[in-house]
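One chain, subunit A, links the two complexes that follow: it is found with subunit B in the first and with subunit C in the second.
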Partner chain A sequence: MPETPASIRIAAAGCVTPFGNASATHAALLRGECALHALPVRGREGGDAVPLALLPGRDLDETAPPSWMAAVGALVEGLPSGDWGTPSRPVFVTGSNFGVGGLYALRRTGDPAFGVWGAPPTCTEELRRALGWGPNVSILSLACVSAHLGLLEATRLIHAGLAEEALVLSFDFLSPFVTGGFHALKILNSGFPAPYREGATGAIGLGDGAAYAVLSRDRGDWRLEGQSVFNEMHHFTSNRADGSGFSKCLDSVAGSTRGRKVWFKGHGTGTLDAGRMELDAAAKAFPEAPVVGWKGSLGHTLGSCGLVEMAVAIESIRTGSAPGTIGAGGAAMGPGVALAHFPTGPFDGVVCASNAFGGAHACLLLSHA
Partner chain B sequence: MPDPLLARLKQLIVETLHLEDIAPSDIPDDEPLVGGGLSLDSIDALELVVRLEKEFGIKISSSEEAKSALSSVGALASFIRQRADPSRIGA
Partner chain C sequence: MLERHIQLLVTDDAGTEAPAATRDRLKVNFPAGATRRMTTLGLLVGSTLAPLEPSEDNPIVYASGYAESCALEAFLDSFPAPSPTLFQTSIHPSAVQQFMIGRQSPVREFLPLSGSTLLAFHAVRACMLSPAPRVILCGGEEKGTWLLQHGLASDRTFAFAASLGKGRADTSLGRIVIEASDGDAALGLPAFFDMLHKRTPFDGLVAPGWRLILEWR
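Take a look at the complex of A and B:
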């Protein structure tokens, strides 16, 4: 595993979910609200009702241009002004699906307007032009750890002296292609997600989400340390049964937490095996850390989840209160799962973790600088 | 008397997963299908589930349900008998 880069500062961060911006999302999670609703898996074509969380006013079905463009535009309006997309201030655009629903819409309708949105390079180019960025825009995609990968690469670039600051944007908006795919894999069904809850069956929900972070070597109120991305290279859709993949990633950040008290923001989609393995690994690496997962409310925002949930973690530290695990009521998989919200004051920071298809794992330590 | 549903399922498994070196009669009734001697993985299981749903008109809604149904050919036959319309199972 490559050496973990030195710490980096977060000069600005934000997110948008069905609840609104980071502050509104954090407040909704504190109230225990759920953004997920039972909606037809194939949008206007119907199908089984599955738990989805869409931005207000947005339909699942694709449009050209995509209905989520306005939300991304509004999100980055809050960015510190700067010449983004230049060599000294590059942009990393990360996500799992980009506008892939456009390919399905193109095939269904034959309308070429969908085509440009269907592939990451052309989708990102449309976004770059719409947002007025320069040409230094890189695309990174590693399934549900895409955002972490963007943060890590931006950090390395800054520490190598190749950029003054960097913007990482991460987004994943649902479409019938994406929801249909997860439904076909039998992991998105009528059940609502209950992260870290013991049971006979697991279920996930999917949600819209986008977030950004501006990274800087020495400017900003928040610090990232111990960033790690690791791929256990075991199988496309399953992890090593001994959970060693989860542990290998968390062990790399455990060094940064030595002597410090942390809480743990887990990936926790609601699947059973991965939930158990993640909890076991977290308990070994951070024995005293309360564990929370928010996908029981927000749904899994796929490639953007690492950055969306990091933005909520920032709000948690800023306001002094971390939302508990939503949807897990009942018997939790382990004693470390925090079902209720708790004060973040006694803690030095939070370890934020994400996991992905293909056995990819990622984590970071977030603290107030 | 041999169970015709078991024989049909074994044939379906070999065909669906293109198991070239395995004859249907080689598949034991009670051996795990995934993680057993056939070396099937979760992708194979998914492919099998999709075929079974089409063949018998049943619905397997979660990965856990699939795992339980595919715990052996015998278990799969019981699962199908419980879920499928008898007319889809045949004699």
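Take a look at the complex of A and C:
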């Protein structure tokens, strides 16, 4: 039987994308702006132009220390102050890349200064020191559902009475390592992503992103009421053709939404088959829910997308307006796809979903406390 | 105090064995032709997981600090024409996925952890926090080559998998407990693996404010 933890409060949340913080990102999405630009897939070494969304002033090529550190530092400046990294206030760092661009730079240049940022344990240790956290920092990494796992573990720790509050921080910044990899898989190509739209070929864009959430048993304006995960273990890069993996994940949260009106913030990278399967599963689990996807603007922020887009969803509810699906064009795959922004007032909450390599699925139900 | 009982345990210490010899030794555990694209860590983790027969409702907690070091090295060396296969297999939890995808065996909950001196504690804690009656705790490392020279890969190759239940049974191999305690210490994954591999009893601090008790029958 699927297990979903009892509800937990979100005391604070924020994100950074190429548009800026959560408020600026939300406003840009409402205006229908696109952060993606056609850039060489291997940075200064060239290659095909592919859609990438980098933080302003940041190059794809790695620096030492990484150019993204300033953005992470600025993001966590907005955190409630506290003794993060202690047993009562643990930190969960999640992501799919950490500083893996440092390994690419290390191999290309031989400069060991890049290396220390390259592996999850060493990168996180550098980050921990720089941010002045204590040692109680856990690392979770499951490709593009990583952030959801951090939320799940933090929730369990608080409910077990082993922590007062927990910080979940997720970050993924692009480098030739990851852009080269997705380009080799041919899903990152010259086309711009058009989530939930019909087209001859699918395409994704990739984006820089980082986000945090402070979870608390009883403090905060927002509530996570259901969290669900499921791993198909069918194929490394594709899902079961019957879409059952999507349904098994979403159905676990559907029970929490009975009698309530929700909207659905989907994963929606811009690939065709996954988009259709996700829409079909969402329509069955949440029949009246309008579906939106924001990766056509922000790009796919990889292991951090769950937390980045949750921060934007919070901003949507706070301001009363959810951005519609942004993409490169084409007819919507179904009537449930919301292409224009809509008011969130009539809704009781939003289901936020993410998917990953290995047929990993995750979703959560977010509502106002 | 949080407690689980060790129902089954499989360990594999490759020691000084050459990677090719490890692969040759383990390939009999997999269908013919399935091992060509598997990593050494995938073969090791898969071989330890297989006897435990994880089912869909058994959460898998996977601990590896550096994970697919050799696939990472090879992927980086494949530029400027990066290999899609090596990109897939270089992601952190690919060792478990290689085995589970090979078996077409879905699992509801998969929690892959990384880390260094607190990794063993965090993995055990994740098992304790799971509401499931049976949790699979597994992990491992593979020895790197040029990444190891930079301190960015493991210097050992090993893997383990344990089935952890909530209730004690006559067939239980032992008991694992974590409890709050004053003091500060750390326990890396290799040291934790050695305790499992040699069935070494332990009672001591493993993280700030936490002690681990490992008892064997």
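Convention: the second predicted complex is superposed on the first by the 365 of 369 C-alpha atoms of A that agree within 3 Å, B and C clash if a C-alpha of one lies under 4 Å from a C-alpha of the other, contacts with A are read in each partner's own complex, and residues count from 1 in each chain.
One rule holds in what follows: contacts are C-beta pairs under 8 Å (C-beta built on N, C-alpha and C of every residue); 3 or more make two chains touch, one makes a residue touch a chain.
Bear in mind that the values here come from a model prediction, so they are computed numbers and not experimental data.
Within the superposed three-chain model, A:201 lies in touch with subunit B and out of touch with subunit C [touch as defined at top]. Judged by the touch definition given at the top, the superposed model places A:185 against both subunit B and subunit C.
When the shared chain is aligned, no partner comes close enough to touch A:239: not subunit B, not subunit C.
Of the two partner chains, subunit B is the only one touched by A:272; subunit C is not. Once chain A of one complex is fitted onto chain A of the other, the partner contacts of A:297 are absent, as it touches neither subunit B nor subunit C.
By the touch criterion stated above, A:257 is placed in contact with neither subunit B nor subunit C. With both complexes placed on chain A, subunit A has more residues touched by C than by the other of subunit B and subunit C. Using the contact criterion defined above for the overlaid structures, shared-chain residue A:138 touches subunit C, although it does not reach subunit B. Where the contact sets of subunit A with subunit B and with subunit C meet, they give residues 184-186, 235-237.
Residues 1-3, 42, 45, 47, 86-87, 96, 103-104, 106-108, 112, 115, 118-122, 124-125, 134-143, 149, 152-153, 156-157, 160, 162, 176-177, 180-186, 229-237, 245, 248, 357-360 of subunit A are the ones touching subunit C in the complex. Looking at the complex, you find that subunit C touches subunit A at residues 2, 57, 65-66, 72, 75-77, 79-84, 87-94, 97, 100-101, 103-119, 122, 125-126, 129-132, 146-147, 150-153, 180, 186, 207-210.
Those residues of subunit B whose C-beta lies close enough to touch subunit A in the complex are 41-43, 46, 49-50, 60-66. On the subunit A side of its complex with subunit B, the touching residues are 48, 184-187, 189-191, 200-203, 235-238, 271-272.
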